[in-house]
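One chain, chain A, appears in both complexes that follow, with chain B as partner in the first and chain C in the second.
Right, the complex of A and B next:
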């Protein structure tokens, strides 16, 4: 049951939303900063990128301010300052202030991690103040921007431009683009749509620097706008593209080059459709306002023949970004849970229909209806399976997000410690249930930090051992059937089995004379209170040991394994189910009760007579094709009445990773879809029970926590 | 100002009344509300012939007794779990919780109910009781200390006709380790 109690209800909904929104902004900022770094290296910045970054910083500032996180909001404000300077052209691509963007974003991230604790927030205040000071110093070192020098452009228009628009205008002039003034009238009631169409069309061929209400006489119920458009194309090319009955185009600044011939072909094409569109609309347009007047566009410009190779870049970039926004929907995972519950309930209803169909079929009088219903049931079943797969699919996210977080951690550790460590990442595309991915971040972080701090030796020691000075941590994910295996492997010093053993003896975890295999000794690492490294560094000294890692992973229905070779390195593998939401379950009967066992954990089932069960030191086992399989009697585990001593028993062989166990039950009842649900109430966790599920008319059935049962068995063996 | 004024009448009054009148009537309404706050509503339930009570604000719903699935490895007071519109909820047998004798077989089982409590952290708990009788309204000042000095689960007593009803301390009631 502990397994499903993964979301903390303590945080208020508002805080949760704040955290998730800031996380999303941070994700965007990081991705865009990576692009920025590339573009700075190339020397040419895409204007929309600076805008995007600025908008992200701006939203961050507002959000943090609204929730009273002053440090975060102040930091975001300075981020905004830098980015504003960048998009306004006050800062060059090479400006040193830009180097402070990444540290600022990472500091925001670390503030967010501490969002729950006012004390931790206060502790970070000094860090924030230092960075803010550096940003301010860097910003004030830069040169002031120049005024726009464009004599052809109406002074009144120039005055109406915002600072950013002025910057874009300056930039366009510098690049030798054409500047056009497009004017058009729209019905007041529907101008937003019309204006958006016109703007969109203008962006096909250039950049819309500014949109302003136009002065002058306008017919009633109409509104007139001026668009300042910068483009590599001339007025003619532009006019053929702008599919608006009232649009007029005037060239206010002649570009350095002619429009591309390729563009002309495209334009001709566009012109045809524009004419068609205009014809279709002409009736209403005639009634509404002035007709398009070709003579309004500059005849000189119209006669220039076009020839420029490169179509404008920025606009298409802008369109791409708009598109990606509209195609992604952010959904609260709880809503997906609800959907999943609904699907689960439908699946149960479907089971009831099947039962009715079978009953009808059994009666000769109603057999025909039974057959019909059976057919319907089959179709329903197929569709439901698709629906289920679809909902599950939505919950799946690639592990990349977590891996990226880890690589940032390693980068930071590397910076702080000066240790030379390479992080290799493979299988970031492997997908897991979003909830599992979220819950994995902490345990994985701990494992990686352990590897960094304790497993990897200092360079001198590595060279002496004949290893490369640079240590390697390999992070790999791969899918195996219904499970995902994540491995964290290092090429460090490996675990000293003898040291673990003597520590365990010293802690009283094992008897001094206990016989333990190497594997069993290594397993002691997961015992609470056992830490092999005496030196505790800041990063690993958070009081979270491998026992917590195992606990967290077990709570997700997974298993942790550790393998280590002295001198060669340590590998820790986490085996996790792909989803927690819907499982295939095997239902078994014990005395008068039923339990469900996740089918992903079931390796096989067999029936055995009492003579097949052997005992050694009082523990029961079975010879399974030459291997000893430890047995656990479920009725004894759960305090239920035992069957007759001579009764044949069913054995469900369960396994996760390398571990195996045989569960002795009275009956095998069947296979079923099950939605595992948490058990609500004062008892927070029941050992060996992962949750409960509803099986239609058969009521509520408890779902076994196979991982816990197996671990339990292993612990008992160790303790003995 | 008539309290039976209709909509139009009320509107006319509002239009003509000075703001002082309005303020005065608002103050009166506030005083009424303050008085209401001092009242508590208790759900009265019965166990082994005695009345007990729960604060109404903690009660999400009352359901008829239904199939309870037993759960192993839990304290004895937990009878098992029920499914409540898709949610799986533990049910505590209050007789067992208070170490009262089990009910006579068959007698009055028809009236047994499960009271579902909610809590701030989204947890739900079912309480199995012999029967539920009514909602009792009492003044906050009418509460008396419990009869037993070292009471486990009862927070206070409240007058209930000629007798007393025992008001549960819900947190202590749900603390099964205690």
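Right, the complex of A and C next:
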């Protein structure tokens, strides 16, 4: 846990903001690029997607420019060029330049990683220049889409359109769509919901090209919006969808086709019905509100009044998503950390109040105050628990974010390697503390890449083994009590235990004559410097091995297990705590010291006499309902005086996932809330200690790192 | 006291602009809007002396905001400065046609922003 908090070097607030925003933009770009790849394969591009991509690249260019990252800004500029070509229709969906988007985004990501070092930035300059050159060449060669003639639309409307909006307008005209001007007035302080409603309805049958605000009839209180809507449907069809008392629709350009929109069984004779609609409604339009721009002699003019016989429309998804934008707040995770620390300190104070209440209660003279204080303490306790749960809840995010990232990685690997692999994802809704989720991304990525590169065989080999040609990687998360288990399972060739062993012998990790169980041998994969595949591929080989995966997961208080069946596949399970910040702990005494053990890891406690402890090859065991439970004496672990040989001892049975161990202690003291704080200084790396915590009036105690103690116990047991 | 409305969807960029303008050399109060819609809601709440807006934003774009401000008698006199990443020359021209008082291309030096803001504020006071 200490490692987790010491990783970020001191950086200015502005730079941190910059890095985190660029990361967000990159995340958005990657997700949108994945969609773009799908849509390119399907042949039809959603115009808004290209525009969204363009906007991300544009923001990136601006930000990088402001912070003086010229390489990044230049690269973003070229990204923007490609995307501008795409959204403006100058580049076709098939243009080869689009293949350079992803490498450019990844290069930006790697530039960001190197942002701290000017030297590393300079080193990347050549890489940037090469990619830029390729983009320029590709853009030059890209097939240009035909331009269309300028439309016959009122200049007044065109003035506030951006170049892109102009392009969408021209494109709609070229496709023979109807262009409608929808106008409506709203109260200025609450316009968003009504406008979102109107926009959402218009989007059901068309594209909203622009949204232009103008002062309403009472300028201080009202605001009027003009929406330029392109659609295959006529004004009549549009009017049945729009439900706003002051909305009016005017056709500013008649569509070429009389075809009805797909979802409306309404009239097909556009002009006639629009005229009829206009005649029927123009009176209500004039009464309903200001519409200075609607020329009333226009036969296409149709206004909308709420139709009574129309069934109530379900709120559209569009509207929901707009609402969720305005109801979400971005919070710096460090602020949540601070909040969590504060809650932790309150929790500790609460403990002190309880102690005072107990003292007061013990004296007859003050017992009355003690009772009162006790009651107050109970109320405070309840509220504090709610507060604590609330703060924890805010920090929880679904694993889906990481899973989606992995799914994009697999998609790319699939494309680059031509290997046929299916990724099955389950349990993306499982939630974990944000920090844990972030720290998990790298280890999970590595495990998945390993499965893709090494575990899954080429199609021919699979077919020969009687398996389907397509390999499967299953990614699954499930909650188990206070832990989340994430499994990455493949149906590949499995791990060759003998090969692992001989390689470990060759590396000098084990003696040639060592006796190892199967599990122990598989466990060697987590040893630094051992990789079973001798070939190093571009995707998995570099740097991070399974040892780093284990190290990362252990730093989060978790455990990694590996199980593999030759020929059938490998499953790697990560067991992680749901949160890191506040834990319930069991305090135990050893000699004159106290330790805290996270309660989530405690399975049971028992008292045993010395005769119950069995010894085998220097290790101690307890027969726990027929199973041998490996024991560890905490006084021996931490160099404390041993208790009398005949003393009864307490055993705390701890477990994580399927692993168990028994910790021998002198006393069980009680259950407490503990806020884990990292330990800095010389004791930081003491194995078996996760951090320190304060316990009310009783000073600081050390928190045991159960994961480390169990693993160590398990290793000794296997060795025994 | 000058009251400045900053409309910019990028939080990083927004805080850069805010911190640049906080050192204007004259007392300032700054209101931040993260989108065009937010700006539309902020405008009637207070009297502003300067509006600084980006162009590329979700919901309504900066040009649409300029059009709104400059077509509204209540806000027309407020000087308006567009800050936008170097991009479409046409968009820039349009911003000025719609009545924006100045246009700054990102990246810019904080001092250039301050100078432009001071000029706009002084000009508005003269008028």
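By our rule, the second predicted complex is superposed on the first by the 412 of 720 C-alpha atoms of A that agree within 3 Å, B and C clash if a C-alpha of one lies under 4 Å from a C-alpha of the other, contacts with A are read in each partner's own complex, and residues count from 1 in each chain.
FYI, a residue touches a chain if its C-beta (ideal position, glycine included) is under 8 Å from a C-beta of that chain, and two chains touch if they have at least 3 such contacts.
Since this is a predicted model, take the numbers as computed values, not measurements.
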- Message: For A:345, using the defined touch cut-off, is the partner it touches chain B, chain C, both, or neither? Pick first, second, both or neither.
- Response: first
- Query: According to the contact criterion defined above, which of chain B and chain C contacts more residues of chain A?
  - Reply: C
- Item | Which superposed partner A:468 touches (first chain B, second chain C, both, neither) | neither
- Check whether A:159 is in contact with chain B, with chain C, with both or with neither, and answer first, second, both or neither. second
- Message: Contact-wise, after the overlay, does A:17 reach chain B, chain C, both or neither (first, second, both, neither)?
- Response: second
- For A:687, select first, second, both or neither according to whether it touches chain B, chain C, the two together, or no partner. first
- Of all residues in chain B, which touch chain A in the complex? 67, 69-75, 78, 81-83, 86-92, 121-126, 174-176
- Message: List the residues on chain C that touch chain A in their complex, please.
- Response: 9-13, 15-16, 19, 36-37, 40-41, 44, 55-56, 58-61, 63-68, 71-74, 84-88, 90-91, 94, 97-98, 106-108
- Any idea which chain A residues touch chain B in the complex? 9-10, 341, 344-345, 593, 637-640, 677-683, 686-689, 691-692, 694, 699-702
- Residues of chain A touching chain C in their complex? 14, 17-18, 21, 55, 58-59, 61-63, 65-66, 68, 73, 80, 159-163, 165, 188-189, 191-192, 210-215, 219-221, 223, 330
